[in-house]
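Residue numbering begins at 1 within each chain, and the chains themselves are lettered A, B, C, D, E and F in the order written.
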């Protein structure tokens, strides 16, 4: 029995609210249960210096948490000298995931910056971020088409993400904080709408796990990402 | 005629939503029109090192803006080495304003940390922050009473804030971004529920202003803060 | 009775020594009693990147304190990662005050950098800085005229500043450290030679204050700034 | 055909030289072909502040690259404000991998710090680091037993790591730099001597990959780690 | 012929003004011609953490330059992330020089912090700093005796410093900026009142120099430091 | 008797291994006994911004220590905000020493960056670095000639360095860590192959030293540098 009463392959309530932010070219407030993330996508007519002149675009992401998005207050990262390793890992993951579904030549020499800011956290903030960021990104790219800046959307697929893990020895879908902090293993899967694998990150929190256990997690993730794709399509 | 069509002494729609954040001991989502700020108050059983052993408490504030809360995306402060001068000025102002209505001896050796994070900005974020932060602070202090940690609330008054300014030569209340960026003078007033002045910050953006003009702004501010107090009382 | 024996509306001895620094285009050693600040003005033929091409100039200020300018030694800011909030607030105030009396179009695309370094502190360092900085600025701008870089001085007025406060319930002029650390309220006023208000910053250190009390402080400030203007004129 | 002429499941020449560093309690110079990493393990009788009093120990890792370990010189990280996201990701991975094979209660309230410094890089520095770090860690823990500080080694298993990837559509073992920079997908596997999975990190560099492709990489990794374990045993 | 018209072994006008700073336990405004340095010494009843419990004291120094002490304005170091290598080299040199004449056991577990801040620079700031810092240090230690904190001064000798160099092939004493920026070789000598050598730092700016040339510089330095000692004695 | 059993004028075993690093244009692993430093020289077709357009080149150096190169582990500098004063002093010294033997006009508008990374430390790391850096630099410049980028090597002399000191009252050559940490005085000498002096840095660690003692150290250094030059010539 899971703490939330969900069945082993049941996600939390997922909602996607595109257009939440007034100023951004694309935005989405995504909720995976009590995990709420505001994703905004900014159209930028410049590219990073290291790729100028290559005729290609770029998509990058930044991630942050409001100080009291968590149960105990976290120190504001702006008061540190640098972002934590965890923050950097997550924003690199979000960026890679989004780039996997964009044709950079079609985007041309411009950049989309996606900000994922956690308003409230209850586990799974990185997978909620990727799922919501795709919606904000699509809205932003469609804006570029509508504005006549680009002729057609450079998206080649959709992308969503889910965490699955071993809790009390059993594979389950979409860990919340209570499960995340006690699980034996935790894996994040980033999958495209066509079913391809973009990223897999599996970590044994306690004992090492087996290939069979890992395969079971992957199967759960595939099913969850089909559901998430349907919700993304419905929201847009 | 003001850009928004408001009359000279008319505030924007103000809403205060206490308890917005699940994890915080006190919270309030405050909206002054399109300016939205999430205020959370955190109960902390420690005090800053420099005041330990004095039998008194402390209230402090931090302020931040989401990168795309503004029309053009702002660089995330966590990517800088330090917070900007503007950020520090605002969070110092919020902290002083809240401390003015708390009896620190009654609070005892503990600290309330108030975070004001701007979700969307359209002018007046610092005055909205103070007005909403008071609601979060009160909720947090009441939580301390309910939990039996303190016997009674150490609040001695309420506090709210408003910006007034000279726009096209005329004094007006509650500047939005369109007015804020073109006004001749801009002043922020922090007033208590009993009508005392806690802070006055007036700046000539263009030509210097006169004492008479300044007095007119103060009069507008007093009336606005009476309205804000009524909304704070209603929300709590 | 004030600790220094001064009457309620009596400033400390004020001296202004222009040309104190050998290398700078403009400079002034200003003393308000035991508060000594070295102000230097540097002519810079570039402007900040964000305003290039607008045909206008800029005036900016930086503020610092020698480590043992204070009673207890302060940590050298160069050993911190960033300047303190107080330092940034003060240098932003000095910059705004000076810009209020300069016609930026007449200055043209160049910048004056004013450094205010506190050699010795006894309260009122920011108001002494503004008063002395004006003298350094004028000397620097006159240098530009003499050198033939600009045709005429872009100054449109003079500017000076004074702090007034409520000490033992009574309004007094030009607080020294003994008064500053025990006053009920403290306000800094920046006024032009023609009597216009550039900046007002009033803070209740203890109980909130009333409009009447604030008006009394403003009256004291106006008189003091008339005296300061006379001293500035005499020094130049 | 691979650029190096190796067969698809052939690792580079791997050597492990324990005791390379004179001062460290444990050390190993590990070479995977032209990738050379110096791993040192330091015995530290303190634990991080956040885990004191829990009766448990800790193992942590840091990672660095000499500036000219790479083909083009890299900027020295000591000249930046903070370590890069890549550095932090790698050192977090090394730390987690080592902790997976240590019984922290048996280690007691002390810490082992493992430094992995890349002397020369040719792809696969993180997997070489983990493989060599295990040898340095074991030597360090054995030193603690020999010194009589702990009664028995807290190691519960061994650990090694290998990267596998899809190159020209085919799964291959132990990518060197030439392959790493052109592969379709790249996955790092951290496996214990008993065959358990500690970490999996798979990334599509180009098109998404399929479950079948991923399974093929895992199979290659399992075989490689059996070989690596034999080399670790022989070296110690 | 030297640019200043001085003879080869002639120092600039040197003045030492003890007690210049109101708040410090010891202070001295030292002038070597147009090079002006304010030295203050602060009595601190703590020692650095790494030497606590050893029954010994410590003397340390910090060095800074006002932004417009130089011909072109220098960037304020408080605006950088860290002090420059030059600043650190100089303050380490001043600290070592002062420690060479203090009996740390007699000082006991306390620390003297000496700040040397350059008000105006015209070459030789580090040697002027050391010469003035000794006067501030002596005044500070005498204050400790007068206050009854220590029984007797822990000074065992005096210390002064001078730069000598090869200008147009000839050895000269006390380089000013015009000479310093064009000399063939530059050497700083720190000598005690009893004639012992504390520090020698010689650098070829152009061609290497010979042992004979170096010996000539040392001879000039010895004579100059005898003069400086006489001025230190006269000032105190 | 010296701790190592060496006679007073006997260096440790010195070896120089050019070409140690695969990727660098020039490199040398230098060993002075148990002090091991990897020196690499990087050819860079740009010069620092402040010297562009002058038709001259530049040589600069960076210095680092692996965390466990020392007996107790040192904190990794990449985890600090800035390099230590000691690191900066040493890398400035190495850079000046190398520049003294290069004709910058012949080098042309390009830069050689030399990295000296201490793999293992046992005293004398800066003098070993300079001695090995010269070999890496020469190899790098010869590479430029071979590649046809420059017509002839811009080297005008060779350079080597040695530390000498007063140990138990006697002058000795090439201090190891045991001597370095207990000596009365320590001096580093940088001499050219033709016998010119480039740098002298002498410091009294305990009592001041005399001119006679200093001359004895210089004589030892001259002899040692003749030996070092022979080894450099043999290695190249």
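Remarks
Quick note on the criterion: a residue touches a chain if its C-beta (ideal position, glycine included) is under 8 Å from a C-beta of that chain, and two chains touch if they have at least 3 such contacts.
The chain lineup, named per UniProt: A, B, C, D, E, F = Ribonuclease PH.
Predicted model, so just to flag it, every value in this text is computed and none were measured.
Steps from subunit C (Ribonuclease PH) to subunit E (Ribonuclease PH), minimised over paths through touching chains, total 1. Greatest centre-to-centre distance from subunit B (Ribonuclease PH) is found for F, with centres as Cα means.
The mean-CA centres of subunit D (Ribonuclease PH) and subunit F (Ribonuclease PH) are about 33 angstrom from one another, to the nearest whole unit. Chain centres here are Cα averages; for subunit B (Ribonuclease PH) and subunit D (Ribonuclease PH) they lie 51 Å apart.
Chain centres here are Cα means. That of subunit A (Ribonuclease PH) falls 59 Å from that of subunit E (Ribonuclease PH).
Within subunit A (Ribonuclease PH), contacts with two or more other chains are made by residues 81, 83. Taken in ring order from subunit A (Ribonuclease PH), whose neighbour in the chosen direction is subunit B (Ribonuclease PH), the chains follow as A, B, C, E, F, D. Chain contact summary for the complex, subunit D (Ribonuclease PH) toward subunit A (Ribonuclease PH): residues 81-85, 88-89, 91-92, 96, 100, 157, 187, 191-192, 194, 196-204, 207-211, 214, 218.
Taken in their complex, subunit B (Ribonuclease PH) has these residues touching subunit A (Ribonuclease PH): 21-24, 27, 34, 38, 40, 42, 44, 62, 64, 66-71, 73, 76-81, 83, 87, 113, 115, 117, 119-120, 122.
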